[in-house]
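Order as written gives the chain letters A, B and C; numbering starts at 1 within each chain.
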Amino acid sequence: MKKRKERIDRGIKVRSEDIFALTSWREMLYLSAPRLIPAIVFLVLPLVLEPYWQRVLLSVAIFALLAISWDILAQSGMVSLGQALFFGVGAYCSGIMNHYFGISPFFAIPAAAIAGGVICTVLLLPVLRLRGVYFAMVTLIIPLMIERVIEATKIFGGTEGISGLSVIPSKWLELYILMAALLAALFGFRRLMDSDYGLVLKGIKDNDRSVMNAGINIYWFKIEALFIASAVGAFAGAMMTHVYRFVGMPVFALDYSILPIAAVMVGGSGSFAGAVLGAFILVPLSEALRALGGLRIVFYGVFLVIFVVGLPEGIFHFISRKYQQFERWAEVEK
Amino acid sequence: MSERPLLEVKDLSKAFGGVQAVSRISFALQKGDLLGIIGPNGSGKTTTVNLITGFVKASGGKVLFKGEDITSWAPYRIVRLGIARTFQMVKPFYQLPAFKNMIIPLYSPRVKALAGGKYGDRNAVALDLLEEVGFERDAQVAYKVASVLPQGYLKRLELAKAIALQPEIMILDELFSGLSLAEVASIVPIIEKLLFEGKTIIMIEHRLKELFRIATRVIVLNYGQKIADGSAKEVMESDEVKKAYLGSED
Amino acid sequence: MLLGTIVYAIINSVILILMSIGFNLTFGISGISNFAYGAFYILAAFVTWMLLNLLGFPYVLSILISIVFTAVIGALMYRFVLMRVRGQVLSEVIATFGIGLAILEFFRYLGFVGVEYALPVFIDESFMIGNVYVDMQRILIVLSSIVLVILLWLFVHYTSLGLAFRGIAQDERTALTFGMDSDRIATLSVSLGAGLAAIAATVIIPLGTISVSQGYDVLINALAVSIIGGLGSTGGVIVASLLVGFAQRFTDTYIGSHWTMIVSLLALLIVLVIKPSGLYGKQKELEERI
């Protein structure tokens, strides 16, 4: 007797796609829990953690934003191997504005996010028309080249970087701004991608000829997606600059390009929740592994490979499936 | 009446490296025509359509829409002008339900402009359009995911996507291919209705019997060149055409 | 001064060509992403070093074993990793990049950093060209480069295996219907690419020391040259290398060595603006993409 695994949507999931007819507190809880839990966690964590782990939480938030930025591009069909570009440009923009022009972080950070978005989008415009592979290659090498250019020409502080930048007045403010930004990004972009606008973007990834055939200028949409993603990345960079009161060459380092991708690979692309989940897993893990020194990066590499090859859908989708469906073994009918 | 033709194709040519896929094709289309483009496989029919709709850059010649030269325009601009096409190989967004597949054409700036600057309820319009092409509303076929729909429905979906753009000219690339006689018979009235509403249609087809019943004019391509142009009857009596089609009857 | 600059510019260009042909073979010609390329380069160098210094093998033997070893690692990487994600470019890139990262950082972790990690030159002599002083190693680099490029060109255009490499990139399905075992050919392509990286390392590393960061540099250079010259075009790689090599060298002599990287970056950006698919790129925007 042959058996097969049967997956059936839970009743509430089937209904919640269409009509909202909730019949019990249990059902309401089922639906709201996945949304409330992250919100509560993000808002409460800063209060319960000790200072060292608060720092880690900061890092998590920053990498989560970078991961979300990556996922936006990935869902639109653009694969970025250089989140560090957005991050670094944002970081330097804010650092420069603060150091050379004395602008306060409250203005510098948002300004850097926008400026970073504009600069990166303009920089990458030429490759948007080409096969995805070019976008990937160019985003990979430009930050690395910039790193070396800064090292060689010593502009903007060269290898020393720019230090002594203004700080955000309160430690709590830092953390909660990031938490708020993270929540806003997570839920906001989720809504965006679920909307018809997001559908167009996903369509561009799936079959761009078909979208073009609908009279839609796909390049303009790609530009918009790129701007949004790079602005988010730039924001993360700008925040980092003022949290650490320093910006230097390392902001263009590979770490900032790879870790977000690893986070999304682990957590799962397509839902932003996966990106955040991945960051929540990888960043503390990497902190815990700090003792291993250089071996850490070796782990990333191996980890990355295992997840990309073994669990391509990512953890979030795996969990989501279990939550939304129940599985059972059924007989194969003759 | 000597009105200016809606669409004029003049000496259109395309060479892919050494291969001359399309060679100096010319024809003119009046409003309300249903033009059939027929010819053996590889004769350049789809390439001609790709040239007209901007998906392929022409090596020579011109395409004029209402007198305006659209030869080197990008596809999205041409669509916005009012020329919509379907693809021979239908590739819907498989994981989405049929009506969600309609959202993207309904998101087109052309639709927005024609509706006076607002989009309206895309979901409702999608369902209406699908019903018009034969997606039975009571069976809720429109809600089914594209991957489970048979070819007949997918072809109709493709047609609906083109209709959604409210075009003046519709170019249908082998709409009937892969369909049973009954399915074709059920789609023909939809096309006739489109004609009645004032649309101009070009159809590339291999199913000659069905095409000839509705086409007002037919041109025949062979090896990238136009070898006949006239009414269905004239074309089928031409010696050149018989030679080209030798051995391939439908 | 001018003669010296030109001579060293040629050598610089040739080094770039040598570094890039393996990458171009796998990625440009066969369409398989191998972002562990830089790691293979350094891997070969370290293996040679270990055989030479830890096991006392003769230099030539060490080199040969190292080249074969690297090629085998390349094949294994395809078999165990790439094969499972074949066709999904993103996964290919990330997976190979992960492997490359792991390899390079592993060496860094083991402490393989320092001046003692160097390979000896083959023949310790020098020549005079005009009034310019050129060492034998660099001459060897130029010669081996020329030989390899010619061999590669002949291979890709005239042998059935070479044509097969191009076939699987252009249309895998058709290649399969011709009875080509796509996986076997891909394995060979990655393997050969890795081997070429090893050969390049063998001749170039003796000029300096083996440094882990050079692994990343090699990848950057290979990518930059491939973008500027156009993916898949051996001619493009040569022309791009010449351009970049000359630009770098002349900048170094006449403006200042700090600026050489900027020159590469500028060259890249200019190419992107004028002809994004590269000088000899066969990409034609939309037409090609469908």
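As a convention for this text, a residue touches a chain if its C-beta (ideal position, glycine included) is under 8 Å from a C-beta of that chain, and two chains touch if they have at least 3 such contacts.
Note that the structure is predicted; figures quoted are calculated from it, not measured.
**Student:** Relative to the centroid of every protein C-alpha atom displayed, which chain's own C-alpha centroid is closest?
**Tutor:** A
**Student:** Compared with chain C, which chain's mean CA position is the farthest off?
**Tutor:** Farthest by centroid: B.
**Student:** Report the inter-centroid distance (CA atoms only) between chain A and chain B in whole Å.
**Tutor:** 42
**Student:** Just the number, please: Cα centre separation of chain B and chain C in whole Å.
**Tutor:** 48
**Student:** Between chain A and chain C, what distance separates the C-alpha centroids? Give it in angstrom.
**Tutor:** 32
**Student:** Could you pull out the residues of chain A that touch at least 2 other chains?
**Tutor:** Correct list: 209.
**Student:** Two-or-more-chain contact residues of chain C, please, as numbers and ranges.
**Tutor:** If we look for residues of chain C contacting two or more partner chains, we find 286, 290.
**Student:** At least two other chains touched by the same residue of chain B: list those residues.
**Tutor:** 55, 75, in rising order.
**Student:** Once bound in the complex, which stretches of chain A touch chain C?
**Tutor:** The touching residues are 74, 79, 81, 123, 126-127, 129-134, 136-138, 140-142, 144-146, 148-149, 152-154, 208-209, 254, 258, 261, 265, 293-295, 297-298, 300-305, 308-309, 312.
**Student:** With touch defined as at the start, can you tell me which chain A residues reach chain B in the complex?
**Tutor:** Residue list for chain A touching chain B: 196-197, 199-200, 202-203, 206-207, 209-218.
**Student:** For a test of understanding, state which residues of chain C touch chain A in their complex under the given definition.
**Tutor:** Residues 33, 81, 84-85, 89-91, 93-95, 97-103, 105-106, 108-109, 216, 220, 223-224, 226-227, 231, 257-262, 264-265, 268-269, 272-273, 276-277, 283, 285-286, 288-290.
**Student:** Please name which positions on chain B make contact with chain A in the complex.
**Tutor:** The contact residues of chain B facing chain A are 53, 55, 74-76, 79-80, 84-85, 87, 91, 93, 96, 100, 103-105, 107-110, 122, 161, 165.
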